[in-house]
Amino acid sequence: MSESTLSAVAADVGQVAGGGFDPVLPGLILLLPLLGFAVNGALALASGSRSATALREGREEDHASSARPLTHTLPTWVGPGVMLAAFLLTAVNFVGMLGVELAEPVIRTYWTWMATGALSVEAAIQLDQLSLIMMMVITGVGFLIHVFSVGYMKEDPGYPRYFAYLNLFVFFMLTLVMGANFPMMFVGWEGVGLCSYLLIGFWFRDREKANAGKKAFIVNRVGDFGLLVAMFILFAVFGTLDYQAIFGAAPDTLVYGGATVTAVTLFLLLGAAGKSAQVPLYVWLPDAMAGPTPVSALIHAATMVTAGVYLVARSSVLFAMAPVGAAAVATVGAITALFAATIALKQYDIKKVLAYSTVSQLGFMFMGVGVGAYAAGVFHLMTHAFFKALLFLGAGAVIHSMHHALHATHKDWDAQDMRNMGGLRRFMPATWITMWVATLAIAGIWPFAGFFSKDEIIWYVGTSAPASVLYTVLWGMAIATALLTAFYMTRMMVMTFHGPNRTGGAEAKHLHEAPLNMTIPLGILAVLSVFGGWINVPGSVRDSFFGGFGLLPMSDWLDRWLEPLTATAYQIRVDQLGAYASTSPVGGGHVLWGAIATGLALAVVIIGARVVGSREIRPAVDSPEPTGFGKILHDKWYVDELYDRILVRPIQSLSRACWRWIDQVIIDGTVNAVGSMARGFGWFGSLVQTGQLNTYAFILTLGALVVLGVLIL
Amino acid sequence: MLVEALVLSAILFVIGTLGVLVRRNAIIMFLCIELQLNAVNLSFVAFSRYLGIEGQIYVFFVMTVAAAEAAVGLAIIISIFRHYESVNVENFNLLKW
Amino acid sequence: MSGLLQASAYESWILHALIWLPLLGILGVLASSEERAKHFAFAWTSGLFVLSLGLLWAFDPAGPLFQFTSDAPWIELWGVGYSLGIDGISLFMILLTTFIMPVAILGAYRYIGEKRRAFYALMLLLQTGIVGVFASMDLFLFYIFFELTLVPMYFIVGVWGGERRVYAAVKFFLYTALGSLLMLVGILYLYIQAQAGGAPPSFHYLELLGTPLTLGEQLWLFAAFALAFAIKVPLFPFHTWLPDAHVEAPTPGSVVLAAVLLKLGAYGFIRFVLPFFPDAATHPTVVMVMLVLGVVGIIYAAWVAAVQPDAKKLVAYTSVAHMGFVVLGIFALTLNGLQGGLLVMISHGISTGALFLLLGMLYERRHTRLIEDFGGLARVAPLLATAFVITALATIGVPGTSGFVGEFLALLGTWERHPIIALVGTTGVIFAAYYMLPMVQKILFNELDREENRTMPDLSGREIAVLAPLVALMVLLGVFPTPVLDRMEPGARAVVEYVEETTRDGSLLEAARLDRVDTQSRFVHDSGRHELLISPDPTWSLSDRSGAFRIPDDHILRDEG
Amino acid sequence: MTLDFASNADYLWVLLPEIVLSVWAMVVLLAGVRRPDDPPVNPEVLGWLSLVGIALAAGVNGWLYGVTSTNPAAMITVDGFRLFSNWIFLLGAALTILIAPAYVARQRLQAGEFYTLILLATVGMMFMGGTRNLILLFLALETMSIAAYVLTAYNRRDRRSAEGGLKYFLLGSFSSGFLLYGIALVWGATGSVHLPEIGATVEAGAGFTGLLLAGMALLAIGFAFKVAAVPFHMWTPDVYEGAPSPATAFMAAAVKAASFVAFVRVFMEAFPALYESWYPIMWWLAAFTMVIANVVALSQSNVKRMLAYSSVAHGGYLLVALAAANQMAMAGLLFYLLVYTVMTVGAFGVLMVVAHHGEDRLQVEDYAGFGAMRPLLAVLFTIFLLSLAGFPGTAGFMAKIYLLQGAVDSQLWTLSILLVLTTVVSYYYYLRVAWFMWMRPAPEGQVAASFWAPLPLKVALVAGAGIILYLGIFPGGLLDEAMASAEGLGLARDVFLGLRP
Amino acid sequence: MADILFFIFAAMAIGGGFGVVLQKNPVGSLLFMVGTLASVAGIYVLLDAHFLAAIQVMVYAGAIMVLFLFVIMLLNLGHDYRDDIKSGLGLFAAFAVTGAIAGLLARQLRGAGDNPLLAHFPGPEGMEQLLAEQGAIGAIARPLFTDYVVAFELTGILLLVALVGAVAIAKRRV
């Protein structure tokens, strides 16, 4: 092991990759969060032991009252510190890559992980355009969220543990995107699931929260199952699991639209759907909001849940070869997007709204990568990371403030229920403004980031396969979803920040703006939410009004940046299906539909603000239960209940039946019965032993007769 | 006369066997066993007429054995009578199962 | 290191030492006081572990298939030899044993309160038996060691066990004895068949290998052997002894049972069943039955585990599930599958052993094993909770832990031949989460709602010392299993290729009849990466037995009166 | 020394062990005589005295290895089979005498006569093992049997002893009648009572088959009774339970061994040519014996009775050897008998300790806590039990393997499988004693002192366990010896399988 | 003549045998037994075994049976015979089994006289000659003390065993 580590470092320092790109200590990017995890983990154990001692002595540890011990001050620096370092390193590499035309990814192999027979899986990382974009997002947004967390989690007794988990998560997320083969990715894949599990259940004292973590893990595992199977098929076909080898050989080895590739893509889709919370496996994500809000921002909005999109984008060659698989991805995405959006309409928990919004947006991304617009999908992934992280952090700030207010007056109201909020803009203006920026971005209003990324996806969905009715339907669903998005986001903003304050007079005094270390990340993310979308403006749009008639700094940058990765897939697509249409299904080009989209969205926002603003909203305790269709939406279409009825309970009953009946009655029963029977026979046999001499003599004679008979006759 | 003697011997043997099966008096059971031995002796004697004088020597030995058995057997019967005041084997069922 | 090994003629004595030194240790245990016995036992087994570590360096993956071979006549009349030797497979099984033993003993310091000397003596006896099984190159010797493991385990469960210990012990004993005795008849049949051509009697593994058998004979013998090993593994539906034995056994007993004893079964499959009866082992029906049983075991045991109120029983059922993966890996008859199965064995030994230790520690604190009696322990015992979680994750095969590599390879290997089976088997990863996470949650998480639990102490230094190496190994093997895989590969490859080649073109019998020497040497020669040579040791050089005479088939099984 | 039996004086040499032992028996008898008013002589002293005689006889038996007999017509042989079986009988007698004194003393039995009877019974056994003459065999058998009847009924204060004695005596004599009738018919059919001659006549087809078959059947019946094969075993549990424990040990071990030895010699030397006829009998006897005895033993709660059934079951295993009828099986039988003798006597020795050297605590429940209080004795007992169960590491295993090998050699697959399956069954009842011993707490008030083991008994147990373990690990020498001793026997199966010309 | 005598004796023997079995009074049984023994002794005479016939009467009927009688008297068993014989099914089964054995034996004995082996032996003529030469006692005594001396010695031990055993068991005081 030590030798391998040494060689890993040597690989980092000594080698020069082809194409003129010389990555700077890529291994260190991975190692840094791991280091942070190690340090914070040790601190967490120390702190945990101390509070355990306190607990045994009969008192609850309360850090808010006493001075923060070292175990709590150190993570403040270590946690975000390693992230900053990782981000800077990533940035250095990113900049380094900017200058070169890198056709082949740079692969760094550290040691052989699993090698037996034909299989050889290396512990290797791969640096290419896609992974670097992802790394930038992960480390960048991750760093901001770490900083935010310092303020948010300050008073939590599990502070070091929190940072340990968070660091570990980043490590695994980086592994996921940096891995040079499927198993490496799978390490990250399951690793992030694990961290998600740990972080959702961070406040494990609450049974609900612990349950949510468990649910997330198990549902994720369903997806992992798909991914595993996909890997098995790939290995059976290609004899390797390296990206380069598989994607390089795929066009020649696989038959376009063949069963194998279709199966692979469908199983990959299952995996992606699990991680990215797509129908039918989306159910864990809303529950995952049980975790601390920064976690929701990082894991359940910006990074982990986008892994599915990354996976599809990474496997673009395969999906391009499998039209059915790709269509399935797009369809799943569209259904998810629309479905989640409808649920978001009637949620009162601010994080639940954002959660369903995330599911919905992930659906958009799936649509994008499903129709072959991989760059667009990744683009939306990126912008979404900015504005959704911002939204979550903003919500976090709100909750933080609400929590303080309610805590101060010991009011047992739900700090996350928007019906209890209202008028918060007066107390937390910075949060209010930044969140509006994000809302406009997600609503797809020009010139915010979401406008460019989402509309690009919608465009591609509509124009990807002109002959197919399916894509037209999906296109319609996408537009509808976009409008719903604008509405429920507006609803959320209005309920939270506008109107009269509903927290109550005493509580309102305690409402306050978040501290600087929380607002600064908000600010940065707000900036990114505005400008993040400018990197991939289509040429025609850039030249139009929407691009300020060419004022935007670049056009199609991301498309071109990702071209080395998507070119093969694109070529296959063009060969088989033809190029994308230049007009939408109902006619009209980029610019027209850009105008229509932003106009509609703006209209929805304004109308929505009016409608919601004019409604009388009462605090949760006074609110009537939703009725009618609203109740169905509020209760999330009863999907959880359905799953419970058709999956969870039957399996549990079956398990119990297996145990009680098959194990205990049939198998053990048989075994014990054999034993009892033997003893019974023994008892029965001993009955012949009457103690009567005549009987003995008779049996003896009978035996003699038999022996005589057998021998003679 | 050989076969006839042998058959007689067999019949006597079987009668002895029958006695052991149906009698409950230990002494009589033993008596029947003596009858069996006697039957066998008859066989020996019958064969000895054809196969040589050894058969009679065997009978001689068998008689010795019978005597020895009688001594020991009757001793045992006396011994058990002291415990049970009976020689009816139906009573002797302390040992069973 | 290797210099030191060479200087001490390490390879000539190490196997003997590993088998017999534990027996010698019994004297020491009996001679020490009731209080000191545990220290002595721990020191002794630790010393043995250190000794055995040299195997890692001394074993040459590129060398002959079987290394450290030695051969001495034992019962010459029957051709029984005291023949030892290990390949990469047995190497790690032995290391696992020598490693687990001190850990289990250290973990039992507090658990075993009475009759300590007897307990540690039995543990040492157990070690002799287990190492003997893995090191035997002679079937007779193997059988003796195989059975020998039963007695100490019987007493360990029966004397130091829980309430229903007698039932569990007897069930364990009778169940496993039943299988192994039938195997004994099988061994004897094989032994007789091998002599059919006038060869001198021998129980040596390599001498019996390649004995010409008709398919019918192979199927019968396969059944006899497979039953023994299937019970030991345990394979569904022969598994019900395991939960009982585990629940009732004292912690170290459970640890050894799970970590090593179950492996005897899987080891038997690999070492004996596959190479001896290749036609039967590759017979489609047989393979399908075994695979289906394996898969059923994976899923069924996971389900049953999920509803257990008793944590120890839950873990016991997970053993069944894990061993299902092993069986899949073995009967996939692919190199990857076999390697995966082997790694699952090792990983399961470590992680399940650790789980049992943890549950034992909980039991020592609370005297209950019911899951519902716990809750929120992470708050009072963070160290324990950490170890528990890591172990649980390794158990359910999260990547980065040893569990993953094994399961991944096993399923991958299975997929190469039997995709549907592998597909169903892969759902095991879902159900693994389904049984393990609720338990973790109910024990470690949730509210700390029981007063008794509030005062529970965290891990002591000794307990940390017990768990730390286990946890470290889980991670290490998950990240860097290559040293293990590399050393096991020649052994696994030899098995797979031997089976493949002997069954090619339909029948082993034909091939074997033509030239048995050839089939045997195929086993020890490897066409792949490594040049495997027959050991120069002449004592088991292969004799020519071509033109084997065979009794007509109608004489076989003809003994009705 | 080479003996041609030209003069009958040669019999003096060839019978030297028997003569030595007989004379010594009388010495012991006389040594034990006291006037009614005197205190009885110490049984332990008489025991050691008897052991000296056994040792002398053993020494002479060893000397006999240097003697060859050139006259095949001699009534007494000096083949390995005889000498090996002599070891078994002497060992059985010696161990019995070692475990007996405490019992004899406590039950106030007449020590001199007790040991004398054991020694004389041993003489009878040695004749059984050494003779080739059916009449001599019968006399020897009766000598042994009558001694056994007496030993069974020996405890006159115990009505169970008397009852057992009567049952044994009546049924034993009854079966002797069958045996004798068999001898008569065989003689009538072949004109000879000399086994090799009978064998030759039979092989030549010169005998009268009708009589021969009937005679053989009756012989089989007689022997089956003596070896307690099911269904001729009915007497065994009752008699074993009723007899004084040392006598039971002696009967279960040596008497059974002698019966088997005679059984084997008669059928292997006289009737190999008729193997096909008697083989099914042996097969079914073996099968029934193994199955029924083992199964019935499961339901026994009285350990002594359980051991009785176990003894019957072991007879079943040995009958497998008879059914296999090859040299390997015969060697296995000899080896098994030796081992079986040691472990049975050992087990009874411990049983007597638990039973207060009487017939008090015989239930399996009485063993609760024994392991905790007398760990060493319990370990020894466990070893004996494991060996009886045929567990690896003990001689019982090697013995069973030997038998199995014999069976497998003759391709008796069904019997082999039956053997191992019933072995599993037997594990249960052997282990049950072990679990009561080790896994149950002692009842209130039970103290270690109540398990009293005098020195000779300890010697016997330790020696027995030592033999068991030694033979379990290094059986090689004795296996070879057994193989050599079985030379010439067990051709029956080979002739039939056509494997040998 | 001899044949007629044989059948008379045989009938007496069989009748006596059944008497032994079926006579409820032990003393009666005993007397029937004496009768049987005497009949058999008669047959011995017919079969040229005169010495044995004498022994039979003296030792068997004279000594052993008297011993039996002595014991019966000693134990005062004259009255203890009410359910002394099995009845019903047990009796029937006993008859069936023993009858079957008798049948089987008889079947086997049928051709005993045609045993080819007999040709190799002197036969009745040789026997008569031997008796004529050595006398009834000498003919037995010579092989008994030469060829069968070992067996003879063994009977000594046998009797010793019986003696010691009988005394050990039956003597009144311990």
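All chains are identified by letter, namely A, B, C, D and E, in their written order; residue positions are counted from 1 within each chain.
What we mean here is this: a contact is a pair of C-beta atoms (placed from the backbone, for glycine too) under 8 Å apart; a residue touches a chain by one contact, two chains touch by 3 or more.
Predicted, not measured: the structure shown is a model, and the values here were computed from it.
Engineer: What are the chains that chain C and chain E both touch?
Structural biologist: Both chain C and chain E are touched by A, D, going by the contact rule given at the top.
Engineer: Where the centre of all protein Cα atoms falls, which chain's Cα centre is nearest to that point?
Structural biologist: Checking distances from each chain centre to the full centroid gives C.
Engineer: What is the chain whose Cα centroid lies farthest from the Cα centroid of chain A?
Structural biologist: That would be chain E.
Engineer: Please flag the chain sitting at the greatest distance from chain C, going by CA centroids.
Structural biologist: E
Engineer: Nearest whole angstrom, what separates the Cα centre of chain B from the Cα centre of chain D?
Structural biologist: 25
Engineer: Distance from the CA centroid of chain A to that of chain E, rounded to the nearest Å?
Structural biologist: Here the centre of chain E sits 103 Å away from the centre of chain A.
Engineer: Taking each chain's centre as its mean C-alpha position, how far apart are chain B and chain E in Å?
Structural biologist: 8
Engineer: Once you find the CA centre of chain A and the CA centre of chain B, what distance in Å lies between them?
Structural biologist: 97
Engineer: Where in chain D do residues touch at least two different other chains?
Structural biologist: Residues 135, 139, 142, 146, 149-150, 153, 156, 165-167, 170, 174, 185, 188, 191, 213-214, 237-238, 280-281, 284, 428 of chain D each touch two or more of the other chains.
Engineer: Would you mind listing the residues of chain C that make contact with two or more other chains?
Structural biologist: In chain C, residues 174 touch at least two other chains, as defined above.
Engineer: Residues of chain E touching 2+ other chains?
Structural biologist: 86, 90, 94, 97-98, 101, 104-105, 107-112, 118, 121, 148, 151, 155, 158, 161-162, 165-167, 169
Engineer: Which chain pairs here would you call touching?
Structural biologist: Touching chain pairs, listed by label, come out as A-B, A-C, A-D, A-E, B-D, B-E, C-D, D-E.
Engineer: Hey, which residues of chain E end up touching chain D in the complex?
Structural biologist: 104-105, 107-112, 114-118, 120-121, 146, 148-151, 154-155, 157-158, 160-162, 164-169, 173-174
Engineer: Taking the touch rule as given, give the residues of chain E at its contact with chain A in the complex, in rising order.
Structural biologist: Touching chain A from chain E are residues 86, 90, 93-94, 97-98, 100-101, 104-105, 107-108.
Engineer: Spell out the residues on chain E that touch chain B in their complex, using ranges where they run on.
Structural biologist: Against chain B, chain E makes touches at 2-3, 6-7, 10, 13-14, 17-18, 20-21, 26, 29-30, 33, 36-37, 40, 43-44, 46-49, 51-52, 55-56, 59-60, 63-64, 67-68, 71-72, 74-75, 77, 80-81, 83-86, 90-91, 94-95, 97-99, 101-102, 105-106, 109-113, 118, 121-124, 126-127, 130, 139-140, 143-144, 147-148, 151, 155, 158-159, 161-163, 165-167, 169-170.
Engineer: Okay, in this complex, where on chain A does chain D touch?
Structural biologist: Touching chain D from chain A are residues 675, 678-683, 685-686, 688-689, 691, 693, 695-697, 699-700, 702-704, 707-708, 710-712.
Engineer: If you look only at chain A, which of its residues touch chain C in the complex?
Structural biologist: Residues 1, 4, 44-45, 48-49, 51-52, 55-56, 58, 111-119, 123, 183, 186-187, 189-191, 194, 197, 201, 204-207, 210-211, 213-214, 217-218, 221-222, 224-225, 228-229, 231-233, 235-236, 651-652, 654-656, 658-659, 662-663, 667-668, 671, 675.
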